[in-house]
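Next come two complexes, and both contain chain A; in the first it sits with chain B, in the second with chain C.
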Partner chain A sequence: MNPLLWPEYSVLLGVLACLAAVMALGTKRSAEYPVSIVALVASAVFTVHGWSGHQSPVALYGQTVIIDNFSVAVDGLVILAAAASILLGWNERRSGTDFPALVLLAALGMMVLGAANSFLVLFLGIELLSLPLYILAASPGTSASGEAGLKYLLLGAFSSGILLFGLALLYGGSGTMIFTAIGPAHTIAPLVAAGSALTLVGLIFKLGVVPFHMWVPDVYEGSSMPVAHFMAFGTKVGAAAILMRFLFFGFYLSPGVWGPLIGYLGVLTMIVGNLMALPQNDLKRLLAYSGIGNAGYLLIGLASHNVTGAEAMLFYLLPYGFAVMGAFAVVTMVAGERSSISVKDLAGLSSRSPALSAFFVVAMLSLAGIPLTGGFVGKFYLLQAALFANQPGLAVGLVLATLVGMGAYLRPLLASFGHPAQSLEPIVWPWGGALVLAVATLGTIGLGVYPAPIVQIVSHSANFFWLH
Partner chain B sequence: MVGFVILAILAMAGAVGVIVARQPVHSALFLIGNIIALAVLYLTLSAEFLAAAQVIVYAGAIMVLFLFVVTLLTAGKDEREAAETLPGQRLIAGGASGLVGLALVVLAILNPGPAISLGLPKNFGTLRGMGAALWGPDFVYLVAVAIMLLTAAIGVLVLNRPERRAVRGARKASARQTRSREGQA
Partner chain C sequence: MLGLIEIVVLPLMGSVTIMAFGGLMPKRLPGIWASLVVFASFLASIAADVRLGHLSAAHRMITGTLGAWVTGFGPAIGWRLTLDPLSAVWLLVITGIGFLIHVYSNGYMHGDSGEARYFSYLNFFIFAMLLLVLAGNLLILLIGWALVGLASYFLIGFWYERTSAVLAAKKAFVMNTVGDVGVLVGLALLYLRYHTVAYPGLFHAFASAVPGQPFFEWTAFLLYIGAMAKSAQFPLHMWLADAMEGPTPVSALIHAATMVTAGVYLMTRLFPLLRLAPVTHEMIGVIGAFTAIFAASIAFFQQDIKRVLAYSTLSQLGYMFLGVGVGAYTAAVFHFVTHAFFKALLFLAAGSVIHALAGEQDLSRMGGLAKKLPVTMWTFLAGTLAIAGFPPFSGYFSKEALLGAAFNSGHYGLWLIGVITAGMTAFYMFRLFFLTFFGSPRDQALYQHAHEAPLVMTIPVAILAVLAVAGGALGGGLDRWLAPVFAQYPGAAHAALAAGPIWSTVLTVGLAVVGMGAAYWIYLRRGLAPTAGTETAPGRWMRQAWGLDAAWTLVAVEPSKILGDAFRKMERGVLFAVDGVATGIWAWAEDLRPLQTGQVRRYALSIMVGLFAILAYYLVRGRVIG
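Take a look at the complex of A and B:
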């Protein structure tokens, strides 16, 4: 038992406590939701304590796991995503009693990814993250859940196979499993290059980067709202964290090999994702394509390969997460008993519930990147990183994609100010969703107006000294 | 080297057979060939425990499960496949992946990595060596795999959730009706 791993331990204990609660109390009295929230709060307390407790990285288990400020920051983001998902699905009869336990298990996988420093831990983390998500996508709740689960499982297994093949080649070519032990001579070996290409394919599949994005909209559409939210926020955090670890720890000496690849994929992803978001009518699909576009923005941080880029990438996850939390909370409340809603269903939201409409405006404007929201600051940070790295192509791509995205995000907003088509029932405000919405809106505006505290945290976390 | 080439050809023939065979049972049999060729390959690499586990677990237990499911699910189903939506995609994808595989093989032969020249650790491949690794330095990975298995167990429970009583009752009633109708006929 290592005291630095208590954030992970408390999540794991939370899983076991959830299962025990279901077993002891049955499905009638649902104690698993409060238990899971308690576990996440405990994990958050340990994370905050860990943040203040240590400044220098600590290597565990023969250097395969590294606990440093980066892993602690990733823990914080993952806890936020998991807590928001559980609150959104609070006592939802469609989610079932196993929903909190599975969310906690996937969160554990994401936390492992944030601390990984070895191929073995990378693979175990990816699988630990994916298995619960396959189950959550397939669990009944929407009409297309079976299709979503099977599609995610098959494509995920395929990408895991490619990832494993790449890791085997990497091990064969470099002779080590540890990221930081990959020597400068190894990073230019052809076998290592081939292995890292295959590994990157497996990792950016999880991030939902074009051309490995086909599964994202279908899986989101077939999942229930809280699950889709967790995939949009949590999985992106985990995949972005492991990409940073893998490339900035293992291959920081050879950015010429992977930098252009990541840059081109990033520009392609943000343009395609935002363009495809334009004609979507189903709001879950729209948010899925928005997630693809945002994955492209995240890749800018990697491709620019400097400290500002790493900081901007880590920073961008938070405003993106807040915006996704807000958008999914509003969509969940408007949907009510239905499993999915289209843009037309938003019509008349402003007269039906002005407060909800206002929250929706904040979330959408943040996704679009309007000043005074967190999304603007995040995009500005990324733009700065691209320009510092002397890569104007990335900056131009970011601006173009943001312009296209503006159209995609304004469509639902326009619809919400339009006239309702039919008579509308009043909107029920569940307290869990209201809490998520309040936190998301406060966070979005707070980051847009006063981002300094988070910028300071990020600059301590993503401060990989060799990038200077 | 000769042994390796023979085993590699056998394993690859088995793997191709799995996806080419029309009958699921034939696919399963080809998979057994593939698994046994791999097990012998492990033996030549002096990983005895892995070879034995491969035969016992995969060719034994898991294959029985496969055959059981195949006989349960596909008995009496017609074997026609659904038409492809994109004509020729299998040929193109197969050709492309074959080329990529060939490129990787050439790359690996031309650039052998440093790990291949390293010696084997003590007790490599035996039960003692495996146990010492799994319960010693690699114990944390074993725990991670245990958590994964726990997830899989939860998944089985979630995805096979018993239907609501009302639905089950209705289904039983309809089954009874059909049975009585068949009896009348």
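Take a look at the complex of A and C:
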């Protein structure tokens, strides 16, 4: 038992404890929710402790795993996402008893991705992340959950096959499984090039990058709210983390090869994602396309290939996560017993529940990138990274996509301030959702007004020396 | 942090607690609590100043960074507070006079339904003003700068049921925003060039720069625009007269003693920059002198007791800027201090009059109040003598220092304007004094009910009266206290106080006596009504402030309206276009289809297309690079 891995161990123990609780207590009394939260809190404590404890990277298990400040920061983000999902779905009979255990298991996969330094660990993490999500997407929450789960499983298996093939080619071409051991001579060998291409496809499929994005809206639509939230936040964190590990650690010598590709994909993704978000009526689909657009923003950090880019990318995950938490919490509360809601259902929200509507405004403005919210600061740093990297194309793409996104995010806002409420049923405030909403709103505004502490953390986490 | 943070945070805490719990507090508690908080801040200021005084002259500065604010991705900007002898002077005046005015407000605002809200705003103003003067860099200064504007907006519009108050508040805010933009752009230019906005870093860089470059002229000019708006210099001066819609203690604190002198503070603080911008520097003096005489002329025919005082404030601010413009920085600060004493006194005494007359501010319904309000009359007289520059009252010394410096530095034109304005000041101030307190009562009903203010109001006024009478004695000490600041960087060689020629003094005082005599002759001996002369052509122009409001409306407001309309139309167009795009996507997009018809086959095809594109890219790119 390596002491540095306690954040992961505690989540794993949490999974086991949840399963034990379900077995011991049956489905009548649900002890698994508190148990899972306890596990996450413990993991968070170990993460914070680990953060303050070690500054230099530690390689474990024959260099296949690296624990450094980056992996610890990813742990923190994943814990936040998982905790928010579990709180949103607290004691939700529609989610089923296995919901907390599956969320923890997927979270474990994301944490593994943050620390991966080898092809095997990469694949392990991706599968550990995906398999619980297949089940969660298929668990009966919405009318179309079975179809969504099946679709996700089919396409996920498809992309996993591509990923595995790519990893095999990479191993064949470079002769090593370790990212940091790939030599300069290997990085441009044709076999390695083909392997990188296939691996990249497998990874950006998880991130939801155009043209590998089509599953995202369907799966979100078919999943319950907490699960969709977890996919929107947690999966993005895991996929972004492994992309950064893979490209910045494995192929840091050849940014000229992959840099432009990531840049093109990023601009394409953010423009398509935000454009497609414009006409959506179902809020979950809207947030799905928003997630796609945000995946494009994240790629800017990679394509810049400088310290600022790495920091900006890691930073952006937090304000994005807070905004997603806020938006999904509001949508969950407004939906109540329904499984999905459309923009029209928001009508008159401001008079129905002014507080909820105010929280919704904060989340949406942050997604749109309005100053004094974290979303603005995050986009600003990405813009700065693109300009420092002398890549004005990325910057222009970011600004255009943000402009389009403004239209997409303001439409639901407009509806919420619009005509008197069509549905007058009172809004129930579950305490879990209220807590998530409070944290998300405070975080969004806090990051917008005073980002310095997080910037401090980020600049210690993503400050890879070879990027200087 | 080093005793500075407490000074700033105490009033903020007062404001927040009153805002949050004001409704629960007993009726008088918000006022008492607010006054106590400011008093504590005053004591902390004294303690900090004493500690500052113990430092050696070369290092007389207490500075500390609370934490980084903007970090990580470029040059860092911190929450930085700095206390040096210059900010120390402002600190004492803000908290000291601020405390007296808080106490006075306890009497003046008693019974107003918005009492808690009033004290919350007033404390908030003190916080913002302290942040402004204690700022260790220009960005923190700008925050304070904008917040005092906001506090001023709240307090001018305090009686928001009155349309005129709301309009005045809006006007003040808009004009102040013009200045905020000037400061923002100015500091952005400095940041781009020097990668810092902290004073020491900038001033070190300035010390070795060559004067006269356009860059310095522009930055100095932009920062001066900020000072111009905040300190109501011509042509951004109109908001100050309208700001009298606020409660009178507010006029005393914000629109006379402290906030409107923020411009003087900024310009004095930036003296190393002014050295590099000789044209702008000269312009500051010219505009200051013009504002002084221009505002004095408007004050001649005003009918409202507070408006006379407002225009006299404008005029005195003009004097201070004249001092800045001729490089007499210590004299400008000295005049700020004495002006804070006598103008706060005059406003509070006028407040007592207004209080006694149940809110009446019109001069044509006053008169003969000396019998009813003896304390107020005597204190008002002290303030009037001080502002008119009669020796040995405080205003005499600071005004002499300003005019002497103008004469010594060869600005004879500015000096002459200053001397003439001194005579005019004596005339309009004594007109005000005589019309208020002497002659026969012009409104018997009001006169019968007039009564002296309660002690809680008269004691602060009396303390201010003592300061207004004796404040001139501070001059020598102030000179020594500020000397280290001006010795630190080049650009303030003539900052120290210096006397002008004796005949200049005689001339100035002589003119003041003539002005007083003329007021006595016209309004007491001949007994003319306050409205006398307003129907003549020059009187009409002067009374309406030379028609500048209409000019501004024509030049700035109307075009802005047209621009705003144009933008609204453009926005409509953009919205229409966005809707169009959305509809277009609906008609065209495949994966908008809801779940049940989305085909996995098609999705997989998209993945394959993407895969082959990326594969091809990699193979080609690898070949190209290799």
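The definition used in the following text is that the second predicted complex is superposed on the first by the 465 of 468 C-alpha atoms of A that agree within 3 Å, B and C clash if a C-alpha of one lies under 4 Å from a C-alpha of the other, contacts with A are read in each partner's own complex, and residues count from 1 in each chain.
In this section, contacts are C-beta pairs under 8 Å (C-beta built on N, C-alpha and C of every residue); 3 or more make two chains touch, one makes a residue touch a chain.
Fair warning: this is a prediction, and the values are worked out from it, not measured in the lab.
After superposition on chain A, the partners chain B and chain C are seen to fit next to each other with no clash. Once the two complexes are overlaid on the shared chain, A:Lys151 sits against chain C while remaining clear of chain B.
In the superposition on chain A, A:Phe212 contacts chain C only, with no contact to chain B.
In the superposed model, A:Leu200 makes contact with chain C only, not with chain B.
Touch criterion met: A:Tyr134 reaches chain B, while chain C stays clear of it.
For chain A, the partner with contacts to more residues, out of chain B and chain C, is C. When the two complexes are laid over each other on chain A, the CA centres of chain B and chain C sit 170 degrees apart as seen from the CA centre of chain A, to the nearest 10.
Touch criterion not met for A:Pro426: it reaches neither chain B nor chain C. Of the two partner chains placed by the overlay, only chain B lies in contact with A:Leu169; chain C stays clear of it.
Of the two partner chains, chain B is the only one that A:Leu191 touches; chain C does not reach it.
After overlaying the two complexes on the shared chain, residue contacts for A:Tyr61 are found with chain B alone; chain C is out of touch. Shared-chain residue A:Asp98: touches chain B; no touch with chain C.
Once both structures are overlaid on their shared chain A, chain B and chain C have a minimum Cα-Cα separation of 6 Å.
Chain A residues in contact with chain B (one complex) as well as with chain C (other complex) are 189-190, 194. Note for the complex: chain A touches chain B at residues 12, 15, 19, 61-62, 64-65, 96, 98, 101-102, 105, 108, 112, 120-121, 124, 127-128, 131-132, 134-135, 138-140, 149, 169, 171-176, 186, 189-192, 194. In the complex of the two chains, the chain B residues touching chain A come out as 103-104, 107-108, 110-111, 113-116, 118, 137, 140-141, 144-145, 147-148, 150-152, 154-155, 157-159, 161.
Listed in rising order, the residues of chain C touching chain A in the complex are 67-74, 578, 581-583, 585-586, 589, 591-592, 594-596, 598, 600, 602-604, 606-607, 609-611, 614-615, 617-619, 621-622, 625-626.
Interface of chain A with chain C (complex): residues 144, 147-148, 151, 154-155, 158-159, 162, 188-190, 193-194, 196-198, 200-201, 205, 210-212, 214-215, 217-218, 221-222, 254, 256-258, 260-261, 275-276, 278-280, 282, 308, 311-312, 381, 384, 404, 407, 450, 452, 455-456, 458-459.
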